[in-house]
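The following blocks contain the structures, represented as structure tokens.
Two complexes come next, and they have one chain in common, chain A, joined by chain B in the first and chain C in the second.
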Partner chain A sequence: MSVLASPGPVQGGVRGRTGARPLLRPWLPRKVAPYLFVLPFIALFVAFSVYPMLFTLRLSFTDWRGSGAAQWVGWDNYAYLLGNEMFWGSLGNSALLWLMIVPVQVVLSLLIAVLLNNAKIRMRSFYRIAFLVPFVTPLVAVAQIWVVVFDQNYGAVNGLLNILGLPDVGWLTTTAFAKPTLALLFLWKTTGFIVIILLSGLQSIDASVYEAAAIDGASRARQLRSITVPLVRRTLMFSVVLQTLAVFQMFAEPFVVTDGGPYNSTTTAGLHLYEHITRGDLGTGAANSFLLVVVVMGLSLVFVRLLRTED
Partner chain B sequence: MTTHTERPAAPAPTRPAATWSAQIRPATTRTLPATLGSQAFLLLLALAFLAPVAWALISAFKPATQIISDPLGLDLTALTLDNYRRMFVDVPIGQGFLNTAVVLVVKGAITLFCAPLAAYAFAKYRFPGRDLLFGTVLITLMLPTIVLIIPLLLEMKALGWVNTYQALILPGAVDAFAIFWMRQVIADVPDELLDAARVDGAGEFGIFTRIVLPVIRPALAGLAVLTVMNIYNDFVWPVVAASSERMAALQVVLSTLAQNITGNRVGADYATVTGELLAAASIALVPLLIVFIALQRHFINGILAGSVKG
Partner chain C sequence: MHKGVLMHPKKNTAAAAAGALTLAITLTACGPSITSGAPDDAEAASVDRLQAPATESPRGEITIWDRSGDLFNVFDAVIDDFNEVYPDITVHHEAVDIDAKLQNTLITGTDVPDGVFLDDAKVAGFSEYLWDLSDVLAPYTDDIAPQKIDVNSLDGAIHGVPFDLDPGLLFYNETALTDAGVDATQIETYDDLLEAAREYQEAVPGSAPIHLEQSAFLGQLQLEMYAGQLGTSIADENGELRLDSDEYRQVLGWLDTVNQEGLGTRAEYLSPSDVGALESGDQVFYPWAIWFSFAPEQQLTETSGDWRAMPLPAWEDGGARSGAMGGSSFVLPKDGENADLAWLFYEFLMFHEDGYRAVWGENDTYPNGLATSIPAYSPAADPANPLFGPVQGLGGQDLWTTAVEAGEQIPGGAPAPAWWTGAVDYLGTNVQRMYDGDMTPDEVIEQSTADIQTNLVDRQ
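Now for the complex of A and B:
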């Protein structure tokens, strides 16, 4: 194979000072190669990501409703949204879901990852599989399972509560419980993935650091606070940013499980965006998506900064 | 792809500490109760993570009326295949599987070829326009996917691609996350390795196929599993772009069934539809579970190899 791929006879022995430059001109010049390598990706990326993105940006300054001529309306769509209760309500719902999900998930995932990183724990590969099972199962399937399991009248969860002598709870039908039930679905579905990401950070810490700390008499909790958390800060930051993006873009979960109800209590930012589109109000929908990008970018920058400055 | 590289890959970080640590560690008796507690905590949590899926898989074999009248009970003598039988009659799930399989093979191949190749260029070459291009990739990572749906749908209509395999395959074939992740991984491949191959007369593409790909194989395996999952589980775009019965992907078939329940279109048939739904959901998630359990070592190691290091 190596013979086939060689462009010609290799002139051994005559190497440059650094020994890192080829003396022969390969069939693909080094200056041209990267362009060829990115070409397939660029073609797809421009056609199906950049072009639609620019189209949406232009759309956000028009009143286009899907047919006919588009009227340029300047910043009207943005102004309308910034003064609109539903828009702020959807952002508020997403923010509340973020509060219910991300802090819990970070703590829980770190705890699980630290335990799974401990060689004394048995059945570690079983746990790694178990925690990842929800992550690999199709969302539409598990969302449906959620609908059935949390059903107010026939659901397994209320069945369990009844056995314990507790009354039925309207998990998906009351404004008080719909958000936490949705948050639970999201936590259950994605925590395994965050555990694996954190585990990768933990495994890059040299074991000798802990041994030195143990010799100095540092307790497990102390080691976690003083060694683990600071050393996996970048991995933690990556997870928080990743999940912030995911929570604020959350769409399929409320779409399948609650359809935004009851009383819009689970209309997330992502779902609200979709509602403009189904109403045919494409200009407003486009403006809404760019406002959402600004929010998400802003939040990401805040977390990056928060988690960096303590170094 | 060769099974081994001519050159040794970067040596794995050795941990000499491990050999003598056993002598220094405090006696295990002191940490035993703590380990037991952790063990119990992990076990309970793992069972909670498995419970909903296990419940669905088992309930699908219960008579439909029992699923709702006694969701937690299990009458072994009453187990039945009725839900599956009815589901196969009512739901075009075979066609859904076929469509998903076609998309999976073609789209997966495109992703696994184009993403590492482009990422290699981003990680290991300096060329004008590189940073601008990569910056654009990062921005699309932040853009909600739903945003692109309308313009993409209009694009599909203009191309006459609505309800075709092209529409399911090409948009999103090389997603921003794959590029971002692979670039991270390839950046860690030592430059000396690539330069040495260059000295030996390897061409730029040869370096990619014979050095880079073998070295990053663990992460590549991770990307493969993640890609299969994403394509198999994708739902929003297939619903919009190809929802005709002939072109509907598996998840679309499933969601159509589901909307009968959430939309209250079933009335007295609630139990029947729930039974069919659990059967369909089970059959949709079992192939992926099998793939995942068979390949979990590669997947987990791939992510471990490819993530941002602490």
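Now for the complex of A and C:
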């Protein structure tokens, strides 16, 4: 009898689609199998996300400083933060930075993305890479350049102002200008990344939609308003949520450029949180983290709700 | 839908909720135990005193953390000399971002090094994790600068092997001052310095001769140097705030006068603005730690050689002519496997002539020697036996003798409290407000005291 003609199951081999019983079935109940397949991810997620989060939540109700037994302090850390001027100041600084960064960045990125999406533009690849270069440049290097360029007495920016007959400006040393200067750094550094995200959204729009609009006599501006913006709305909203998270967690930029000064005017929510941690006040730092989570989640939910309303 | 694969939605939700709850309870049980009462005082007061190895030929491996950079290279080069004395001890010398890694390493107790290079200002904050070195240091303590012993001491324990002493000095541009007819060598008190600055400004209109630090952190560090000359600091040995004092009023009042009279250049330490004013002759007096000597040596290319250093002026006739600004020590974590062997390494480095001569003397990294600090150990800091040579950036001046003699005048101190860096948000920032004319010295003291007490001291 030929082996090929055998209708029975092939022991240890690959089974056909029909009539074959999975090898695992004898000892693995079918309803358990899906959970088993996702178990590796769940295990990693629990170990590196859920556990640290719960650990932090627990810490936020203690005065633990890294050694010995932690003393339960109830809501003390939260009460302290909610009555603390510097905590609210850091949130206010982040909110102002958000206003200076996100709306400008969304509009700017969209316009750049639309231009880069135009097939008639020469050297499109070059421009796409050029816009992404600041994003991949190490922040510390960029920050040092910022410190030199915006120096009050010897910086290139004030040098240009002087040529125009304008006085020196304390870009990094006055409360009025430190935040906008920091916002400019963040814009310069991350706008290329948002452009790339929006470009991917633009490329999913069928060209025939624009052709039809052009035949109907729609101008470029009208096409942008009535076709592009509505069709990339989800991508835009994704960018807004992404940058909201980034701005409220902003740490390295103020840490390197202004160290939170002058007068804590650039101490962002992320930097303020770090200050608790560095002085070993882990309980307050943990409580600050959770308050920040609440704020950021609240803002993100607002944007998601706005998106759904539009839908 | 297959009946066996998915459960009823309600059952599914309930199961997920129960699972999540179980998971939450299980996970939150991990970590430090939580008590509702105060910690056991007896337990907290217990000390762990490190003892040197008893064997004649100690053997084993040690891991030593240092910051990357020139100092790492200097310490690295000493290992061969150390191994000539202790051939059976293998030193794993690692360049580490200590500020970023040490706290987590000590908390988790994983891969804890045997010895760590640490800023003096941070020693007290980690004291619970560190060996008390009183016994091993006992043969040397009488010969170590009192300020370095004090800054490393907490509750009767010494937690660091003192590395360097960083005496404050008055750096001045001798060429510019001489051209303006000002003799800086006559300056003995801070009033004299004010007078010299006024004279210089009269001769060089538009200049702002005295450095006023614009970084809140370094400004606070400099303020502590001035206060240290008067034998005080932000907190006493028990961690109690003592900002509200005549000494701080005197220092802040003087800084306010410099600012109000337009005698100060307000800039961040060696920022482009600072360097510009130093090179142009607008800023000619720089009261700073000895490590400013690096600037005329390497950074101030146009005025290199024009600078000199002298002890700081005194706050009153006959007062101390220096205070400490910064400084570092070596600490030995209790969780390190061979801290006793690491002690032998640091003992060799700091207290044996071959060791300290290799650190401060001529070496591959510093051909002229390490001239940015002096040893805290007095037999090493002998004015008659300089370890580093004359500094060309200071016109070939014998900085060693100047610094050692200034260092001898530094009054004893107190450990920097664990909240020292946190105080920068209040004291350091308020000093800047004073420079902006928004606060008086009294307001700086009053506001900073209240804020530090509420936000830092009371929350320890």
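For the reader, a short list of remarks on this structure follows.
What we mean here is this: the second predicted complex is superposed on the first by the 260 of 311 C-alpha atoms of A that agree within 3 Å, B and C clash if a C-alpha of one lies under 4 Å from a C-alpha of the other, contacts with A are read in each partner's own complex, and residues count from 1 in each chain.
Keep this in mind: a residue touches a chain if its C-beta (ideal position, glycine included) is under 8 Å from a C-beta of that chain, and two chains touch if they have at least 3 such contacts.
Bear in mind that the values here come from a model prediction, so they are computed numbers and not experimental data.
By the touch criterion defined above, A:A156 reaches chain B but does not reach chain C.
Contact with both chain B and chain C is seen for A:V147 once the two complexes are overlaid on the shared chain.
Of the two partner chains placed by the overlay, chain B and chain C both lie in contact with A:P34. Applying the stated contact rule after C-alpha superposition, one finds that A:K120 touches chain B and leaves chain C untouched.
The partner that reaches more residues of chain A, of the two candidates chain B and chain C, is B. Of the two partner chains placed by the overlay, only chain C lies in contact with A:N264; chain B stays clear of it.
Once the two complexes are laid over each other on the shared chain, residue contacts for A:F55 go to chain B and to chain C alike.
Of the two partner chains placed by superposition, A:L224 touches none, neither chain B nor chain C. On chain A, the patch touched by chain B and the patch touched by chain C overlap at residues 30-31, 34, 50-51, 55, 59, 147-148, 151, 153-155, 259, 277. Residues 1-2, 5-10, 15, 19-22, 24, 26-28, 30-31, 33-35, 37-38, 40-42, 44-45, 47-53, 55-56, 59, 112, 115-116, 118, 120-122, 125-134, 136-149, 151, 153-156, 159-160, 163, 188, 191-193, 196-197, 199-208, 211, 214-215, 220, 231-235, 238, 245, 248-249, 251-252, 256-257, 259, 270, 273-274, 277, 282, 285-286, 289-290, 292-293, 296-297, 300 of chain A touch chain B in their complex. Of all residues in chain A, only 29-31, 34, 46, 50-51, 54-55, 57-59, 62-64, 66-72, 80, 84, 86, 147-148, 151-155, 173, 259-264, 267, 275, 277-281, 284 touch chain C in the complex they form. Touching chain A in their complex are the following residues of chain B: 2, 6, 13, 15, 17-18, 21, 24-26, 28, 31, 34-35, 38-39, 41-42, 45-47, 49-50, 52-53, 55-56, 67-72, 110, 113-115, 117-118, 120-122, 125, 127, 130, 133, 136-137, 139-152, 154-155, 170-174, 176, 179, 195, 198-206, 208-210, 229, 232-233, 235-236, 250-251, 254-255, 258, 261-262, 274, 277-278, 280-282, 284-285, 288-289, 292-293, 296-297, 299-300, 303-310. For chain C in complex with chain A, the touching residues are 2, 4-7, 23-24, 27-28, 30-39, 44, 99, 103, 106-107, 125, 128-129, 214-217, 267, 271-273, 275-277, 418-419, 421-422, 425, 429, 432-433, 455-456, 459.
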